[in-house]
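Heads up, the next two complexes both have chain A, just with different partners, chain B and then chain C.
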Partner chain A sequence: MKHFAILLQKEWRENIRNYKIFWIPAIFILLGITEPVVNYFLPQILESSGGLPEGAVFELPTPPPEQILTAVMEQFQTIGMVVLILAYMGTIAGERKSGTATLLYVRPLSFPAYFLSKWGMAAVVSLASIWLGFLAGYYYTLLFFGNLEVVKLLQMVGTYSVWVLLILTVVLTASAALPNGGLAAASAFAMYLLAQLVDGLFGTNWAVSPVKIPQYAAAWLTGKPDSGSLGGAIAIALLIILSLSAFGSWMAWKNKARTKV
Partner chain B sequence: MDQTTLLLALLPILVIQLALMIFALVDLIKNPNPNGPKWMWGIVIVVINIIGPILYFVLGRRNY
Partner chain C sequence: MNIVDVKGLTKRYGQENAVEDLSFVLEKGTATALIGPNGAGKTTSLSMLAGLLTPTNGKITMAEDLTVGFLPQYPQFFPWLTALEFTEMAAKLSGVEIAKAKLQATRTLEFVGLGAEINKKVGAFSGGMKQRLGLAQAIVHQPKLLLLDEPISALDPTGRREIMNLLKSLQQDTTILYSTHILNDAEEMTDQLLFMKGGCLIEQGSLREVKERHANPQIRIQFQSNSRALAFTERQMWKCEVKENSVFLPFYENGPNMQQVLHVLASEKEDILGVEFQTASLEEIFLKVVAAE
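Let's look at the complex of A and B:
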C-alpha cells in the first residue's frame, strides 16, 4: 500500500510534466463542443461550401438532442480512443526504453502496485477527460438543440466509463508485454478493431458482450437498455480488466530484464 | 440567437485550440532533444489545427 501511494505520486508528477493532464482533457472537450456546433451550423456550412445549383432549397430536420450526444460518443469512439491509445502506449514500454525503469527496478518493487499506479493515474486522467468532454457537449446541446434530462446523461456516461477503463487496461497490458510503445499501440488498436469486427459480424445474438457497452450507453439516452445484458456485459468487462491487470503486472515483472540502462 | 452570443459561444473552441498550440510550442522550445528537427515541429504545431499539437506531444517528445 505504501508502495502504491508513492508510485502514484510519481505518476501524478509525470503526467503533469509531460502535459498529459492538460492536453488529453483539452482534446475531449474540443471533440465534445465541435459536434453540436457543426450540427447547428450545418445549413450555413452547406450553403457556403457551394457546388449547389441556384435556388436549391434544403429542408434539414433539426436533430433531437439525444442524437447529438450519440454523435459525440461516436467521435469519442473513433478519434478519442485513438488519442487514448497513443497517449498511453508507452507507459511501461517507454519507461523501460528511457531508463526510468532502471531506477525503479533496482529497488524492492511490488509489481502489482507498480502496474496499478500506472493504471490508476491513466484511469483518472482519461475518465476526467471523457466526463469533461461529455459535459461540454451536453452544455452546447442544451444551448443549441433543447433540453435533455441530466439523469440520462449521467447514466450514459457511467456506462461508457466502463468501456474506457477496458480500453485503457488493454493498452497498459500491451505496453507491459511488448518491447516498445509503437507495437503496444498497434496491437491494442488491432484488438479494438478486431473485437468490433467480430461483434459486428457474428455478435447479433450475443447480448452479453463487452463490445456492446457503448451501444448500451447510447441506449440510455432514448430509453433503457436491457438491464440483464447490460449487467452481464459490465461483469464480463470487469472480469477482463481484472485478469488483464494481473497478466500485465506479471508481464512487467517478466520483462524487467529488457530495461535499457 | 443573435450574433454576439453566438460568437461568445464559439469562443471556447478558439481558446482551447490556442492553449494547446501554446503549450506545445513552449514545450518544443524548452525541449533540448525533440524527435526530429525543431523547425519542422514548429510548423506542424502552428499549421495543423488540433492534430498538430497532439502529434507533437505523442511523437515529438522522446518519452515513449
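Let's look at the complex of A and C:
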C-alpha cells in the first residue's frame, strides 16, 4: 500500500511531464466533437466538395441524438482504442528495455503495487478521456440534434468505462509479460480483434460475453439493456480484470531479470 | 562476521556459463574489489547478489535484515524526474520513513556533490552527474551492503578521486563490493581482491596475500655499465639476474635482505647509480594472472 502511493506519484509525474494527461483526453474530445459537427454540417460539406450533380435534390434525414452518440462510441471503439493501446503498450516493457526499471527492481519492491500504480494511472487518464470525449460529444449533440436525457448518457458512459478498463488491463498485462512495447501492442490488438470476431461469429447467444459491453452501453441510449446480461457481462469483465492484474503483477516480477543492467 | 556468504554461485545462459562456481565471503565493514577483463562475469555476479538475476546453481546467504544498495554500471533514470524527486522515491521504496525521506535524499545528494542540482531534471544531466546520482540512490537508505558495478570508470580523474574519497568515508559502516578495471584505485581501497576470468574466480585474497604470491619483489642495483654490473655479480654469490646496466636480486628464502644488500654495497668500490626496492603493481599482477589462466 505504501509502495502503491509512492509509485502512483511517480506515474502521475510521468503522465503530466510527458503530456499524456493532456494529449490523450484531447484526442478523445476531438473524436467526440467531430461526430456531431460533421453530421450537422454534412450538407454544406457535400456541397463544398462539389460531389453532387447540378440540380440534385438530396434529402438527408436528421439523425436522432442517440444515433450520434452511438457513432461517437464507434469512433472510440476504433481510433480511441488504438490510441490507448499505443499510449500504454510500453509502460512496463519500456521501463525494462531502457533500464530505468533496474533501480526500482533492486529495491524490496512490491510488484502488485508496481503493476497497480501503472494500472491506476492509466485508468485515470483513460476514463477521464472517454468521459470528457462523450461530454463534448453530448454538448454538441444537444446543440445540433435535440435533447437527450443526461441520465442516459451517464448510464452509457458508466457501462462503457468497464470495457475501457478491460482493454487497459489487457494492454498492461501484455506489457508486463512481453519483451517490448511493440509486441505488447500487437498482441493486445490481436486479442481485441479476435475477441470481437469470435463473439460476432459464434456469440449470438453469449449474453454475458464482455465483448458485448459496448453494445449494452449503447442500448442505454434508446432504452435499457437486459439487466441480467449486462450484470453478467460486467461481472465477467471484472473477474478478467482481477485475474489479469494478478497475472500481470506476477509476470512483471518474473521478468525482472530482463531489465537492462 | 560474514554478512554475505556465496557458495558455488553459477549462472548459465544456454550452454554458456556466465559465472561458474563462484565462492567467497564478505566480512562486515570490508571493501572487496572484483577485478577481471570484460566479459569475466562481474556484472552477472553483482546482479545475482542484487537479486535481479536468479542463480542457476549455488547459494547466496545474507545476514538477516541486510539492506542493500546497488549501482549498475550504466544507471538509467527517468529523465522527467528531478534528482531530488528520484532520490526521495528511491529512499521511500527502500524503506526510509516517508517523513524523513526528503531530508535524507537532500543530504545524500549534497554528499555526492549534487547539492546545486537537486531540483534539475535528470534528463539534462551529464554522464558524471548521472554516476553521482547513481551513487546517491544506492546509499540514500544507508544500506549495510553496497554493490557497485564500475562506480568510477565513467568519471574524469577529479571526479574519480572525489568518489573514491566518498566511498572510503562510507567504509566504516558499510560493506562494499565493487567491480573495477581501474586497478590503481582498487589498490587504494580493498581488503579483499577477487580476480575473475571467463566466469571463474582465478585468484582471491587480501592485497598483501595476492602481492606475496605474485608481486615478485626484487632489489634493483644500477651500475654505470653492463660490464660493471656483471663484474659485481661475479664478486657476490647471490642468485641474481643482469639486465643492461642493472642487477636484479629477487627475494627468496634465506636470501639477502635489504639490509645485507646495503651493507655489501656500502663497501663496494664500483660507482652505484641507484638502489631500489621493486614490486609489481596490481595492474602488472592482474595482467600476469589473467594471462596465465
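We take it that the second predicted complex is superposed on the first by the 260 of 261 C-alpha atoms of A that agree within 3 Å, B and C clash if a C-alpha of one lies under 4 Å from a C-alpha of the other, contacts with A are read in each partner's own complex, and residues count from 1 in each chain.
One rule holds in what follows: a residue touches a chain if its C-beta (ideal position, glycine included) is under 8 Å from a C-beta of that chain, and two chains touch if they have at least 3 such contacts.
The model shown is predicted, which means the values in this text are computed figures rather than measured ones.
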item: Chain A as common anchor, with chain B and chain C clashing or fitting; value: fit
item: Partner chain in contact with A:H3 - chain B first, chain C second, else both or neither; value: second
item: First, second, both or neither for A:L239, with chain B first and chain C second; value: neither
item: First, second, both or neither for A:V106, with chain B first and chain C second; value: second
item: Contacts of A:N18 with chain B and chain C, given as first, second, both or neither; value: both
item: Chain B versus chain C as contact partner of A:K256, first or second or both or neither; value: second
item: Contacts of A:S98 with chain B and chain C, given as first, second, both or neither; value: both
item: Chain C versus chain B - closest C-alpha approach in the superposed model, Å; value: 9
item: Touching both chain B and chain C, residues of chain A; value: 18, 98
item: List of chain A residues in touch with chain B within their complex; value: 18-20, 22-23, 26-27, 29-30, 33-34, 37, 83, 86-87, 89-90, 93-94, 97-98, 136, 140, 143, 180-182
item: Residues of chain B that touch chain A when the two form their complex; value: 9-10, 12-13, 16-17, 19-20, 23-24, 27, 50, 53-54, 57-58, 61-64
item: Residues of chain C that touch chain A when the two form their complex; value: 43, 47, 50-54, 68, 70, 72-78, 80-81, 85, 89-90, 92-95, 98, 134, 137, 149
item: Residue ranges of chain A touching chain C (in the complex, touch as defined); value: 2-3, 6-7, 9-10, 13-14, 17-18, 98-100, 102-109, 256-257, 259-261
